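Take a look at these structures.
Two complexes, one shared chain (chain A), two partners (chain B, chain C).
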Partner chain A sequence: MASAEHVKQGFMLSKKHKAGLLNFLSAQGILVFFLICMFAFSLFSEQFLSQSNIMTVVRQASIIGIIAVGVTVVIIGGNLDLSVGSMLSFATVLVVDLHDKIGPIGAILVMFALTLMLGAVNGFLVGFMRLNSLIVTLAMLSATQGLVLIYSGGQNVDIANQSETWFSVFGRGYLLGIAVPVIIFALLAIIVQVVMSITGYGRRIFAIGGNPVAAVYSGIRKNWCVFSTYLISAFCVACAALVLGSRVMGSQNNVGQGYELLVLAGIILGGTSLLGGAGSIWKTVIGVLILGFIQNGLLLLGYPYYTQWLVTWVIIILAVWLDLANKRKRLLTRHS
Partner chain B sequence: MIDMKRFISGGAFIQPIWVFVIAVTIFFSFTSDYFLSVGNLTNILVQTSTIGLLALGMTYVMINGNIDLSVGATLGLAASLSVGLQDYGLTVAVLAAIATGVVLGALNGLLVWKTGVNAFIVTLGAMIGVRGLIFVYTEEQSFYASNFAFSDFGASTIGPIPVLAIIFLLCTLVMHLVLKKTGHGRNTFAVGGNPEAALDAGIRIGRNMMINFMIVGFFAALAGVLLATQMGASTPNLGRDYELWTITAVVLGGTKLTGGHGSITGTLGGVLAIGILRNGMNMMQVPAFYVLVILGVILITVLIIDQKINLKSSKGVQA
Partner chain C sequence: MFKKTVLVTSVLLSTATTVQAEETYRIGITQNNVGVDSYQTTYESAFEAAAERSDNVDVVVLDAGGDVARQIGQVRNLIQQRVDAIIIWPTNGQAVIPTLRQAHRAGIPVVVTNSKIAEAGLEFIAAFSGPDNVQQGASSAEMMCEALGGEGQIVQIAGQPGYTTAMERSKGFEDRLAESCPDVEILETQPGDWNREKAQRVMENFLTKYDDIDGVYAGDDNMGVGALNAAKSAGRARDIAFIGATNFAVGYEAIERGEYYGSIYQSPVDDAEAALQTALDILEGKEVPKMNFFETPKITADNLTEFDKPVF
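This part shows the complex of A and B:
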């Protein structure tokens, strides 16, 4: 496990002996936070810790989770991807609409191909043209939203035959008692985590996010690496669209609107720095699950949907602050 | 000979975005007879005043090297407050709405300053949270203004020029002068250009950033109130996606995301460019769906041109 993040953490722990407990809490902050949340909710609601509720939350969180796995890779590489929400709308509308027209296999293939192409555009502009990823993906957010509306003519799309087929397995099926979306989520997370932590490719992404200039001087082909992270992100979005499309068997034009924010919230909660060069997939998984459990917990306690947003805000700030105690003090906090 | 490079990069007397504004104006004046009418031009000014006001504050924040994603939500909250509190009197309602904007901005600034958390994260959280506040406050209802003085204000004119346009242009002038002529403006550039050096030079960079977040909060709230006067109502979803348009306008105007570079005149050009494009394409009856794609393409094209100019001046490894 030679990721930059582990090196960093090891360094930090050996350096700070003074504030032992606080230090441990902040190093494992997100995990501790997760357990506290789970405990608090289980006190107030009996259903919360039931097996069926936990399975439901995990299944619901899996779509955001699948996307978050890909975006985490982009962020570790030092960039951002805000276009995933629009891309999710695009891919879901595409796969649902083509399902009846050219058959499920063709629909899935075309959807993956076109979504990867959108990712390639992002990757080309950020990787090779070296444009600011925030602006590029913001522009892609609006452009892709337009593409969806042009394609669908502003109409919602539906699959005519709503009965269970092999296509509906991706969203509705169960394998050995576990929901298929959860299996896809887990598989993707494990594969990407392994790639990021033990392969040379993963190390290169960490290096580029940590110090791009040094990475280029040490012979890493930065352009291609950045390009590839956007393909990974697009691939994950396509997987999420497959799950979403087959679960709902239909799609609205704006089905993915706002997903980029939920995804980012999950990643940030997981403690991945937006500055790049640090982070891990499994922490993102925990971050996404926390979001899911908090929303579910508040729902069970009878709080309305919008209160969950407020709580989400407070939690994001809290989590990042906690996480920052673990990092070196930034310039701003010096004494300005 | 005009130095083309300086000309394009905005070093010369005219900024590239204004070339673009003039070009699209000429283009649309050929495609529609009504485009160049006084009525339509003032119409464009009124239409752009909302995004324009947001963009004025955003320019300061972005020159500072930060970003504010919560402006759309703040706008929505201020609009709802300015209509919803009218039982307590118009003045109270408007003042409360604007104060809320300033306080939310101060909160953003304080969090960025005191915690050192990236402004992107802080305001992303604020964007979600403030939108939550709107729903808590409005209970998902639209509000309608009962006081006609309020809704009349949005439609009023001084001579032939709408009041909203005058407010926007006045604010633009003030913000331009503050940025160019005052110490606060200079410090804003210094902090964005090199925070380390700014700190060493004795500039209180945290305070500077916080003031700029308060400014953008103020303008977001003002835009919200003015938008509510225009519609005589407010909806909980008001201002959604406005942060995207605002950032697009500011970036089109040549302000760098990395901080330390930008201008109000450029932002005015960016705002007008978007306003003219939307209005003109509307008149050409281009479907709204295509406008989204076209604007995305234009934004990326401008970025590429900008990048090409800057690349020539810095050879070697690019981070």
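This part shows the complex of A and C:
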């Protein structure tokens, strides 16, 4: 009797294991999709999987990636941040312009301080004034763009002696053979992922995004939590501006225009729900990399520009649909 | 030199009109999108300064903010105000044509500045004043041919897709290159959207894709310098000739340092002054050529000192 039970249990276990693997694969639907994409591109372009190309794509993706890390936190907390593109323009113009006026250290400090202040305004209006985050950050997008134009007088800014400043290290430097932008991206992603998954603070952000009412009843100070997510987002934008300004060693005043959409695309591609309460930095990193590799792959294959855009967005929609279909299926099987 | 001629003529003109009659012209201008780039910003202040200098002109300066609908509204508004002439920097060379016809019917002469409008609209305008972008592309092709000794493989980073300026420069460049330098091959063309960071990314991908690149043609210096940055990071800048257009301050400095082969000198100040002058000439009943191009000379290390460093 007992042995039969054991056999039965053993059988069930192995079945469970099999289902576990399938479950794991479908849970990582985007990752699988990513690997298929990489494989497909590598069939058509021999440079695609070369070490130098992979390094280039990861380096190029790191600016969007750094911003996406911050915005993912905002989204997990149940809100949106559309102002990151304009804030990136603002921070980049500021740090490049101040570089020649007050030196690199001063420029970086002032840029971080002012960018965090913009984030604080977002956080105050959404967190404490309870305004809709879509409206607030959309307004912030326009207002900040206006601010940039006023500040720069519509002119481009450039660092005068491009070869004589250590400021270029953030965008062009290498440490142990790895590009500095990639290191900054990786560090931020790891730190924020750890904070979100093992600290009480992270759990509170998830709780607020998932069910704000329940979260407040369980004693979470929602206002402060929401406020803090916008500070994290602004901090990430400031880091991205450091990389961008130092990479280009100059800035146009609309340099960040459209970044908010690419950031959102990366996050959605990673599978983080725009409804809040779910998602992970790790998935955002994958999403941003997919976006980077798709664009790079299409370019290497020599597709014309318009086709690149079309195919990119078709792939994004396809990936999101596959991911969603997968989740629905899992939900259905769980209930039956 | 050209600037001086414009100045002298405008001084002559203002004295001439003072003698004739104390008529003041009201000229309305609607610009494309001031503030998005340094060129348009400098253009606007140069235009206002030029209007200030001639005492028989009152200007109404409007900005469409890149929005076609807003620009159409602005032109209608200027017609309502019965200005003496309208200068327009079209946001879109096709969409503005119906309003230009309205202005034409109302008897208000229209000068199109900087960017051309579609062929169908030409009958409604008095003149076009601006740079000849096809010629600029051709000049860049000549410089490229010279820089490479007539042989090599190049890539092109074009301006924003859909923009007349971008298309004309590419066309001028490609046609002249094929004609006068058949052994220079264009490996690939991708847009850089007039954006240095974007151009830098595109160039990084080109450098991965092609082991052998002898030259880069960029639709403006902002993108050209982005390409230069990418090539420098990859340690390949010395083997590549960089040629741009619309000389920017960073491009000027790069030519000075010997890292950049050449560009096209196009001054927003000349552009603005030429537009105002064209409008005034028309109002005074002078014969004005329909396509009124101002000079855009080649600029390389050889003649760099003859030009002022651009302010943008």
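As a working rule, the second predicted complex is superposed on the first by the 298 of 336 C-alpha atoms of A that agree within 3 Å, B and C clash if a C-alpha of one lies under 4 Å from a C-alpha of the other, contacts with A are read in each partner's own complex, and residues count from 1 in each chain.
The definition used in the following text is that a residue touches a chain if its C-beta (ideal position, glycine included) is under 8 Å from a C-beta of that chain, and two chains touch if they have at least 3 such contacts.
Here the structure is a predicted model, which means the values were calculated and not measured.
Considered on the superposed chain A, chain B and chain C are sterically incompatible, since they clash.
In the overlay built on the shared chain, the residue A:A265 is in contact with chain B alone; chain C does not reach it.
In the superposed model, A:T56 lies in contact with chain C only, and not with chain B. In the superposition on chain A, no contact is made by A:G200 with either chain B or chain C. Touch criterion not met for A:G177: it reaches neither chain B nor chain C. Contacts of A:G154 after superposition on the shared chain: both chain B and chain C are touched.
Looking at the superposition, the partner that touches the larger set of chain A residues, chain B or chain C, turns out to be B.
After overlaying the two complexes on the shared chain, residue contacts for A:G219 are found with neither chain B nor chain C.
In the superposition on chain A, A:Y306 contacts both chain B and chain C. After overlaying the two complexes on the shared chain, residue contacts for A:L141 are found with chain B alone; chain C is out of touch.
Of the two partner chains placed by superposition, only chain B is touched by A:M129; chain C is not. 149, 154, 305-306 are the residues of chain A that lie in the contact sets of both chain B and chain C, per the superposition on chain A. Of all residues in chain C, only 34-38, 40-42, 161, 188, 190-191, 195-197, 200-202, 204-205, 208-209, 222, 225-226, 229, 233, 248-250, 311-312 touch chain A in the complex they form. Partner chain C is touched in their complex by these residues of chain A: 47, 50, 52-53, 56, 60, 149, 153-156, 158, 172, 244, 247-250, 252-255, 296, 299-300, 302, 305-306. Contact residues of chain B toward chain A in the complex are 67, 111-118, 120-122, 124-136, 140, 195-196, 199, 204-207, 209, 244, 247-248, 251, 257-258, 287-297, 299-300, 303-304, 307, 311, 317-319. Residues 125, 129-132, 134-136, 138-147, 149-150, 154, 212-213, 216-217, 261, 264-265, 268, 274-275, 304-310, 312-314, 316-317, 320-321, 324, 329-334, 336 of chain A are the ones that touch chain B when the two sit in their complex.
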